[in-house]
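Across the two complexes that follow, chain A remains constant while its partner is chain B and subsequently chain C.
Take a look at the complex of A and B:
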């Protein structure tokens, strides 16, 4: 009934996050896999690596297993009473409405923005290209806080659509910018020579070639919409995730929370399957060697002001509004808000969690990536898919599962830092996986073999040759995981040891007391921590677009 | 050269990471301290559903007096109550503090509390204690109807909480039903009027009420004229008035009185876990909160909750507790599970 693996095998829907579309695309053009398959002939992967990869992946199945098992244990009569009730109908309507409206909107805005900065001769397109990636550095719940500060009456579906669209459009925009740079201009020229106008070229040549990045980005947007809590709680818009958190507040992990989690998981699976179905089998790739010519930029002529208005307006709404609110609150609060004794502790703890979580995730993602690249097989593909599936589950579901499992079966881990790190691992592993995989695939196996033939121990050869090549990818992988952890709220709230205060937790606690002034320093610190990572992402999406 | 610089950077990053992670796990182990001696020492973990600021003020003062380190785990009443029940004997908590009675009586019914020291019980009048003696009231708060006089005249105000079920109130009042505060009010209604009446009232509320998240948000909306009135607790108003008043200056408070369910005074509870690794310090903390010094913090601090001790008066700005004419309820009879079931059934959760 529930497929153990999402149907797409390759760099597949990595439901992790940001920018992955851009990176994953590299794989889709066939960079990975085959060339390295040669390196595998006659060898078997080390049993340690296999064991590590299997362990990580089995761990990844815990949350889904939890939802299924509690569903069975609850029993159909109770479960159906909890699922088939008007409240669930309301939530379903809200949640589906949000996805159905927001996803196409982010796709349209993302593509339009990518085209404007990538293909037109608008002045300052380079600056805009970077600026439009920056909303990724503003967590959705901080964006919501900014908007609610500016327009206090925001609430309901349309406000949710507004905030979600402004927070998530870069997830489509980034991969589209990267893909646009890679397109072969000759195809467009051919269409033009056959009489297509500018619009015709866009809709019949460019758009179809952007299908994969758009779909990949749209899937990410959809999964974010399903799992976001803070942004929607702040504007009184109830989705499945906000309802699960409320149930958790009232019952800890009662059957109603688990029943809602079950429905939410089904929605996620539905999105995953829908996306992989829509991807289709056809691929667009440039055949042959050589470097693609840079496509000439188009002048917008009379529409130039419209182009500026669109880009400028988008930036103002997505970044201007939250920034203006944060700064206004900071100004109102004066110097005193910075004397909050917890501020430094929260900053240190957040950075600490982020660094340790990123390091652990990269190390444990490595065996899975290594198997996938060097020993492609049904097993390695299966392991990879399992991890994508887990991270597509909302954080609240994973957290709920791990709280219950640790309380009942692994008491020593309960409320420890270790458990928090494990949760981050499950939630953010694919972010690391996609990058490590792409990085490993680019390392020529021959060099490593040459080192070995010169008398190096295989492990030493690996260390001295391969790690050097893929260090930048590992760094990007770590940075992405770091970004995820810094802005994580729900899972940390549920699982962290008593006394833990991360920036997100403190921010949320202040916001709940309507202490918007006190929340502002935390908001600013989260943005400041995320900005360099966002820039790194942007820079990498350019790099991969060249390859 | 480059290599050493790189190592220096890595070491620095590693140090920050370790600092950050250990910084949060260090105080979590509650050291048994002087378990058999009578002077409190070591450290305790408090599962705190009370306002963080209030409990932090208690903890700081207590630490200053005794040297005992206090670590807070903040959460909501029912969340932490149910969590304690699930954790059972393995809980790392030493003390549980709530905002309302239902969650603490849930833990009590699971048999997880040690009896409260007699000296502590003697500090608190009987009306703020459960009949079981396994936990004690630590503070109290009153239900109020906050309203915006520009949208509703004094003559139109509801005489009883039950009146809000009337169709005339459709879309004209607000509440925060996902919070423990409102759920405690419903538990009082359940205790006073029975299950059928409560269920009907909730069904009518689903039609009439506009749902917000958090009592402060309800008050903010009433103040902004988004909605004429809302059911909240009294202290949100006083706390905001004591600050900038930006979320309450256009609102007034209506007390239901007449022993109406809407005049319900909710008792915040505190108890010591049977499994506490440091019961001496845990009992001392509870004694401190309910003692003169702890209760003074309620009077002079920014929480604006009512002290339960006879030795300390409420903040003079507030209506004295005895004038509120609240219904008489044994706090240990309030049932949180039934309330969440009823509210789930009514479609609020």
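Take a look at the complex of A and C:
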């Protein structure tokens, strides 16, 4: 459920930015051109902003640098002994199998659901449109907990595929819904006038135009599969990430965990390169400027029951099962589970981490976004890419790197809240970046210049005009980071000072004690905290599709 | 000539708003019909009904003798075999120009070998005056006019006998528009395809059409050859919609009208008594008259009150002196052209070559040529 982002200069395929930065991009160059021509803003950004952006990005390079440096320091003989062993082969097979099966499955389900919701005359398509985004509010490890409660025998690859598909299909579904709304209906009519029936139009015209949102969503699903720990640990399915956590727990910080992390990073890079290769240079810009007409919805006729069955079944499996389990455990536990004194403490601590993390991330993402929009250059593009790359690394790798670095070089930081916040910053920066960037790009520089021509200092002009416009984007950015932190488990487990009790950590420790009843309130609180943000995400994906 | 497209009694509403009312239109095979109307008149809906993207509430539509919409018949758009070119071309953004054109050719097996398809694409490109190497380009690399021509080639690929064009030139700039229009008209003429084009541009409509249909608020007010509709419109709305019009009150007898400009021949000749007549500005000759007083029966003098410069020609607002002729019929009749009852004479707007050097205050003589159109209603 974590919309991370790939390391591309373009804004990531975050569900909240399904436009893939088309707006941001054109906006950026347009603004810069005008600014440069006028020569009033000046071609050089303030050194403070550059320094801040560079610092954040250098910080972002730490995890990758750590993996590379430890690899070199360990030396090839030790490294190869650690990597080329049956255990790693088994993990590789598991992980690759999971990705290869789950990614196409989520893509197919996501597209089918988006088409049913966006293009057919099924009653209640509006309600379904929102409902199918809600699995994003249920962390994958909570979903897994729900399923294991319902079907205790779940384990192994196929169970992993089931749970992961149900947790992650909205990552494809959301951008596809938004993209479907943006497609030019006259193009589909052109296909009809050329003799294509309903199926022909779908496969020859609609599907190819959805390529970018599908690829972007599929990449996110892949990265999530690689970095998820809790969901797979719960069903005893071993992937690289679960193995690294186990390894770390048993040997604390052995080279074995680092070697595994190295392989995991390679897998991530492989996915990233694969996606950008498949995406190519194509940009399916809408051509022409004809009158936008609302695309008529198709009747499914005889297949109407199949459509309802698909949408209803998907919702029941993805949301119904975990909810039912949580409710069942809560009912079994009775009122007493709510008297757990730690519950309130965990809630407050989680909200606190979420708010501080979101604020810090937004503030530090701002210089990078500002440079990218107002002063596009090789430097600003490079800085952006670094941050996207960092966030596509699994949280476990980032956490491992920061633990080691803090122990070695900044001991006082080890086991402090500061280190946790820095980890969140590195993991979730791109979420903030994508939104801030899009928001900034939409503010017409002309307005700011008008304010300055009316005698305002540039900084005052920026505050009084631009911030007003991009406040909603900043809010969305903060909300997304908040959502990520509230449901973060893996990195927090590794890094948090002892005595830390976030909802996720408490939930996890109860589950590990086989106290499913005690875990239920924590699960419910996490979902309740996430729901509003998920709705915001859904609403914004619609907004971008209108503009 | 038989009718390739036949509409009768076609009605269409969206919700409570009536878009088309009792439309009857017959398009002869192999000809070009242009439906012209202001925006919101329902012309695009008319086209979408013929193409099959909408179904009429009542009435029948038949294409090439087959009823495609009507009681008991509703042929889907993709089975009608009608070519359609949308306003902005609607090229598939994910395909190259060549793939766009080949889209309608069907699967490779049915459409022939790869080589044959490539040849077909080149031929189609050539047909719309584009070089064969355009096939490898992407739609967003083309100009608006080129996109339109590719869209036409794509529609032609299926060799339809009927082609519908929805304001295909309106998104192009003036120079490109005329050139593209000529290429399209010539191509369609050569292949002999029955064509219906809708537009809001009167000049475009008249130059493209064999048959012109004027649509107003969902009703067809006149259908006929462009010259006839331009010179003999059935009502003042149509007259003004197709171009500038000088409308004067007149008294008609025996095929001649007595009006502010003197005596002018009118059609239809059947009309008698009080009426109004319509002249196109190009029917009125403007000449300087220092001597004053014109002798011709169909002329009078006036004073220039305003001059608007349009480049090749100027538009003059002329206040006529000679109110005598029609005065018997219309004592100080305040028509649309004469503001205020106290004004001494009718104000008419006429055109003149820009080379004449007419200034405000000049005295000019106006002479009407040709036949005016008479309407029973007063202006």
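FYI, the second predicted complex is superposed on the first by the 503 of 547 C-alpha atoms of A that agree within 3 Å, B and C clash if a C-alpha of one lies under 4 Å from a C-alpha of the other, contacts with A are read in each partner's own complex, and residues count from 1 in each chain.
Everything below uses one rule, namely that a residue touches a chain if its C-beta (ideal position, glycine included) is under 8 Å from a C-beta of that chain, and two chains touch if they have at least 3 such contacts.
Note that the coordinates shown come from a computational prediction; the quantities given were computed from them, not determined experimentally.
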Which superposed partner A:126 touches (first chain B, second chain C, both, neither)
neither
Output check: A:87 vs chain B and chain C. Expected answer is one of first, second, both, neither. What do you get?
first
Please indicate which partner A:44 is in contact with in the superposed arrangement: first for chain B, second for chain C, both, or neither.
neither
One more residue to check, A:378. First (chain B), second (chain C), both or neither?
neither
Residues of chain A contacting chain B in one complex and chain C in the other:
none
For the complex, give me every residue of chain C touching chain A.
51-53, 76-84, 86-95, 103-104, 106, 139-140, 144, 147, 151, 154-155, 157-158, 171
Listed in rising order, the residues of chain A that touch chain C in the complex are 184, 186-187, 189-197, 200, 204-205, 208-209, 211, 282-291
In the complex formed with chain B, which residues of chain A make contact?
82, 85-87, 90, 152-153, 233-234, 236, 243, 246-254, 256, 345, 348-353, 355-356, 359, 404, 407, 411, 414-417, 496-501, 509, 512-514
Help me check something: in the complex, which residues belonging to chain B touch chain A?
13-14, 16-25, 27-28, 45, 47, 51-52, 71-76, 78-79, 81-83, 85-87, 90, 92-93, 178-180, 183, 211-214, 216-217, 220, 224, 226, 247, 340, 343-345, 347-349
